[in-house]
Amino acid sequence: MSEPRTALVVSAHAADFVWRCGGAIALHASLGYRVTVVCLSFGERGESAKLWKQPGMTLERVKDARRAEAERAAEALGVHDLVCMDLGDYPLRLDDGDKGRLVDVIRDVQPSFMLSHSRYDPYNTDHMYATEVVLECRMIAQAWGHNPGQKVVGAPQLYLFEPHQTEQMGWKPDVFLDITPVWDRKRAAIECMEGQEHLWDYYTRLAENRANHFRRNSGGQAGGRAAKYAEGFQSVFPRTVDEL
Amino acid sequence: MSEPRTALVVSAHAADFVWRCGGAIALHASLGYRVTVVCLSFGERGESAKLWKQPGMTLERVKDARRAEAERAAEALGVHDLVCMDLGDYPLRLDDGDKGRLVDVIRDVQPSFMLSHSRYDPYNTDHMYATEVVLECRMIAQAWGHNPGQKVVGAPQLYLFEPHQTEQMGWKPDVFLDITPVWDRKRAAIECMEGQEHLWDYYTRLAENRANHFRRNSGGQAGGRAAKYAEGFQSVFPRTVDEL
Amino acid sequence: MSEPRTALVVSAHAADFVWRCGGAIALHASLGYRVTVVCLSFGERGESAKLWKQPGMTLERVKDARRAEAERAAEALGVHDLVCMDLGDYPLRLDDGDKGRLVDVIRDVQPSFMLSHSRYDPYNTDHMYATEVVLECRMIAQAWGHNPGQKVVGAPQLYLFEPHQTEQMGWKPDVFLDITPVWDRKRAAIECMEGQEHLWDYYTRLAENRANHFRRNSGGQAGGRAAKYAEGFQSVFPRTVDEL
Amino acid sequence: MSEPRTALVVSAHAADFVWRCGGAIALHASLGYRVTVVCLSFGERGESAKLWKQPGMTLERVKDARRAEAERAAEALGVHDLVCMDLGDYPLRLDDGDKGRLVDVIRDVQPSFMLSHSRYDPYNTDHMYATEVVLECRMIAQAWGHNPGQKVVGAPQLYLFEPHQTEQMGWKPDVFLDITPVWDRKRAAIECMEGQEHLWDYYTRLAENRANHFRRNSGGQAGGRAAKYAEGFQSVFPRTVDEL
Amino acid sequence: MSEPRTALVVSAHAADFVWRCGGAIALHASLGYRVTVVCLSFGERGESAKLWKQPGMTLERVKDARRAEAERAAEALGVHDLVCMDLGDYPLRLDDGDKGRLVDVIRDVQPSFMLSHSRYDPYNTDHMYATEVVLECRMIAQAWGHNPGQKVVGAPQLYLFEPHQTEQMGWKPDVFLDITPVWDRKRAAIECMEGQEHLWDYYTRLAENRANHFRRNSGGQAGGRAAKYAEGFQSVFPRTVDEL
Amino acid sequence: MSEPRTALVVSAHAADFVWRCGGAIALHASLGYRVTVVCLSFGERGESAKLWKQPGMTLERVKDARRAEAERAAEALGVHDLVCMDLGDYPLRLDDGDKGRLVDVIRDVQPSFMLSHSRYDPYNTDHMYATEVVLECRMIAQAWGHNPGQKVVGAPQLYLFEPHQTEQMGWKPDVFLDITPVWDRKRAAIECMEGQEHLWDYYTRLAENRANHFRRNSGGQAGGRAAKYAEGFQSVFPRTVDEL
């Protein structure tokens, strides 16, 4: 029996993987992929405003709450492994040891493809920093001389998932994924994010509008599949194919 | 029995389709696609220097020679239909009637995908003009109110094939196609271009180097298929997929 | 009593002004602006698929239906003057006389600002052509030697309204307008577009999501006005101000 | 009585705020804003060539001279608070503690808008580093979990002021500010920069030419206000408005 | 004795060559180049506001005045041949015959290099149209099959001269030319432009500031030649060299 | 007797200078330049896969082998001084002391021009990091207050040499150098790179194709020198000239 295929998501903060690629995670899980999600931080300082407005809140309590939300969401999506690296946010920073741990994860997972943030984000420098680190660690994971004996990785595609306010980030999707079959799972995961309820409907509307884009590009007014929910991604590297 | 799939190439001058996507044509022909090639002109004025250096040359003789070369190359590649529109070059111009004829071809072919030039080319304005026209005619071919009763087209991808001096054109390939199985056919077609013998080895070397790029992106130093010849393309529109 | 301020919208097809800047029209009408809308075509060939699927349809009937829709929508929005130039679509083309007529409109209106399409649109070349023409005609309208004696225009801003699939068009909004007070009028105008019912909810969701962007940029999580519906625009020219 | 409005300038070296936004500072001071200027360094190593050409010069003497110049210039412009962080230049570097101090300043000031350098500068990496840090610290200042209890900031605009050799930096102004009423103050501040006398007239000519751009964009040949001196700025974030 | 070297300037309107490359013309004339200037139009409608404000002005009188100014300026600069094509402005348009005439000029001149406008200009579409035509005609002039028997041109560089408001045009200079030795001639030519006196000092200040950029790039604070006046240009094509 | 001219190459890994600018090095050495090459690392972890596949390999043995290859290649090219900084790769990192050493080299060499990597490289973050550091250290080397008493540098051009997969890096050459006279030396240097034999022919083909580009830009079909091998470079800064 062949090995199951794998995918790796690197999320700057605990909730990013839900809004931005929850559908891709659930869909590939349903296709038999083992999907690993790395949360570099919990978003405890910068993305937990609702919690901090409660009296007597502490950093540990925020982190616990965010971790619990992320775990429930991961379960809803069928995540194979959720790795919380707890590196701190606003700002997020990885030292050489932290990067080494991320390289280990990449090599352990041997992903068919990876997912992370847009390359630019003036609103949230953690996001663009995460992608910078992912590119660096992907390169290290390919190096035969880094921890010789470990299995190096090949050349997995890196997809950049959808940021908030795409146009400001210079993010341009070149692939739309039909997530209709797993929409219920994504919505369930979204609803685990209790601290950011104002975004539940935002990302639902977005998925519906992206499905319109899916249909425009799959067949336009002459047909095209009736996708109801979709996600968009931007590829960093060229594809290699046997047929256009 | 289902209809064979189809593809459509729009080439500004008679030889462009050979250098730039001869491999894609031959490969898809070998996969059972019916590939139609439209040559908007013969490149009779601007891309036939060697012929014009012969004494007593006339425009008609140049066009005849270029047509013959194109026909031989098309045969070598397995082109289903070669359409020579003979619209003149340097500069190439299409009036509304010419565009209507191109729309008819698009609708007749109902291509799964289309191929044409890069969007920018300061060396050769015919090239960028051809792509401008292709986008316009693709749009018209989608219009239910253009020649009502004809079958409209859906949303075929438009791939931009490789220009000469890619970096000057702002062309960036996002897909590499392995053309190793049909390389002999492409080389044979290239050798039909007797007037441009200085480019035979240029495009052979290019195909070998693009195969290196194929390998880098398919598996890098950890493996990847042993492609020996490849072509690169830039997609205009996003893809729609069920799996990343 | 001072003259009322004015604005000018140039729409390639009859419905574009509704989806893309209906809120801006209604809002400025409510502020006392006289808003003129120029529809260069009815979108009769390319944007009326639903009508063409009806048996026995003719070009005139489609145009009549589209004109009627546009008139109802204009009324709902409080448009001061709707100018249907009926120049044909797919492709849209203006000859020198047509451009002269558009220059006359610009000079008659003396707009405080103008609105038109994005600069790039590979899906719909009519859209980018419209903006190309608007820039050309704005320039002619500024020329003291064009129809000397007419009043020249100053330097009105040109805002590019939101295209479909913004990222593919390279469109980046630099201003968000709160259209909450006039949302009902925009929705009413949208519902006049009977032939494109599949877009009613699309553009409603879009307006809600743009309001989220409005809030992010007006105050973020620390406050910011509770806009519920917004539209985004991209400025072509710099602003001139007395205070940042 | 309401609080006075505030603005915050972050200048990599001691003189940058004078050349690049001295007019904006003086103008907003005259409008009642309290303007805080942070000088991250004195430019003591890299922007004090004239001083270093004097015999027996020391780093402390250069810093003292540059501080004195900056203080005189700040006074001439009506700066409310001049904060010299003395972090060193060529290269400028901020550690986490330094960034924390800058975040404190941002939160204390609660600026209506901020001003800093262009995003790219191959001649002077301190400049682009400063803007990178400003974006990061603005984000941290917005985080409810950073020093809970402090007042977070909203979403102040960040304007990028004019670099030297704008085209090489990819800097594009989208707003021109008329600084005619305060030109005398800017020129007086410029003349405080004794070590860089070769730039006095350079920046005077620049202000006059920017005023020409102001007029072109405010009314062109048909009028427009008679601004004699202006400054240009590039906005990082979209504006939010109630009227176009 | 060898042939003198030649250069060709293509100016959309009669005055453009003076402001934008008058120094380059005079300098190369002084070096022995024969410089041909083609004015596609007189700028009679759009760039002669001052004349049109005079009572009783007619198109012919404006054209005569503009021609006279251009001739005086050309003489001041040492232009070898001034070709006024009188094709009309606002908008400028060339039909196939007009382009043929321009191709003839290019072939007659056999320029070492060419000069024309920036590739983009939303304020003045004539400018970008001129460069579009220059690229097209340069290509035709290279075609062995266009008027066989005429001498084709090689691959002359096309330099884009400085537009007004460079940053809005996306124009980035990659070469600065020291025009100090011929500044008096450029200023004299500028003063021939009586109808645009408001620009005399603007372009003088610009030349002084470009000289600062010259010095920054030739030697910076460690030296560099004492250029007092300079012009900047953007190259379209790569250079070919024997030494970096 | 005047001082010989000098040039400085900064190579992230030991072999980069051979593939990417070996021709420029050998050519300028043959012209009398003293060319210094700095290898920031040996590429021991990430660019030595073939060595690591040998049993019992150690980091020191890889570094020794790579150093030996680099020394042989440098000798073949006529490098004046090869500086191996041994800073580690995958990832490459320079602390302040390392940067100080690089600044010392720049000041010692006083280069007429510098050469380094492309500004962007998602495949190899060491490459873009090297150029980032080069820009920073070039700036420090210009600072009069950095190690006062040392001779500061002027404004040497920085050429970015050719990366692998140019289009993915956004690298655009603006100068082509004819390396035909020294091709044998470059090929000899290439063959010193025993660990990367798969690239020998790749870079030979590339040099031949770049020579085609050289000819296209020097004279096109109307002539142009018969360069057989060439290299391309992208300039960071504008040139300053006395003649176009």
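The chains carry the letters A, B, C, D, E and F, assigned in the order they are written, with residues numbered from 1 in each.
The rule we apply is simple: contacts are C-beta pairs under 8 Å (C-beta built on N, C-alpha and C of every residue); 3 or more make two chains touch, one makes a residue touch a chain.
Protein identities per chain, from UniProt: A, B, C, D, E, F = PIG-L domain-containing protein.
Since this is a predicted model, take the numbers as computed values, not measurements.
Engineer: Could you run down the chains that neighbour chain B and chain E together?
Structural biologist: Chains touching both chain B and chain E: C, F.
Engineer: Which chain's centre, taken as the mean of its Cα atoms, is farthest from the centre of chain B?
Structural biologist: D
Engineer: Would you kindly tell me how far, in whole Å, the mean C-alpha position of chain D lies from that of chain C?
Structural biologist: Taking the mean C-alpha position of each chain, the two centres sit 37 Å apart.
Engineer: If you average the CA atoms of chain B and of chain D, how many Å lie between those two points?
Structural biologist: 52
Engineer: Two or more other chains touching the same residue: where does that happen in chain D?
Structural biologist: Within chain D, the residues that touch at least two other chains are 49, 123, 142, 144, 168, 173, 213, 216, 221, 237-238.
Engineer: Looking at which chains touch which, would you call it a line, ring, star, complete or other?
Structural biologist: Here the contact pattern is something else, fitting no line, ring, star or complete shape.
Engineer: Dump the list of chain pairs that touch, please.
Structural biologist: All touching pairs, sorted by chain label, are A-B, A-C, A-D, A-F, B-C, B-E, B-F, C-D, C-E, D-E, D-F, E-F.
Engineer: With touch defined as at the start, can you tell me which chain B residues reach chain C in the complex?
Structural biologist: Residues of chain B touching chain C: 99, 132, 135-136, 139-140, 142-146, 148, 158, 236-238.
Engineer: Which positions of chain A touch chain D when the two form their complex?
Structural biologist: 44-46, 48-49, 52-53, 57, 59, 62, 89-91, 122-126, 168
Engineer: What part of chain F is in contact with chain E in the complex they form?
Structural biologist: Residue positions touching the partner: 7, 24, 27-28, 31, 113, 142, 144, 152-155, 157, 159, 173-178, 213-214, 216-225, 227, 232-233, 235, 237-244.
Engineer: Which stretch or stretches of chain A touch chain C in the complex?
Structural biologist: 49, 123, 164-168, 170-173, 201-202, 205-206, 208-209, 212-213, 216, 221, 232
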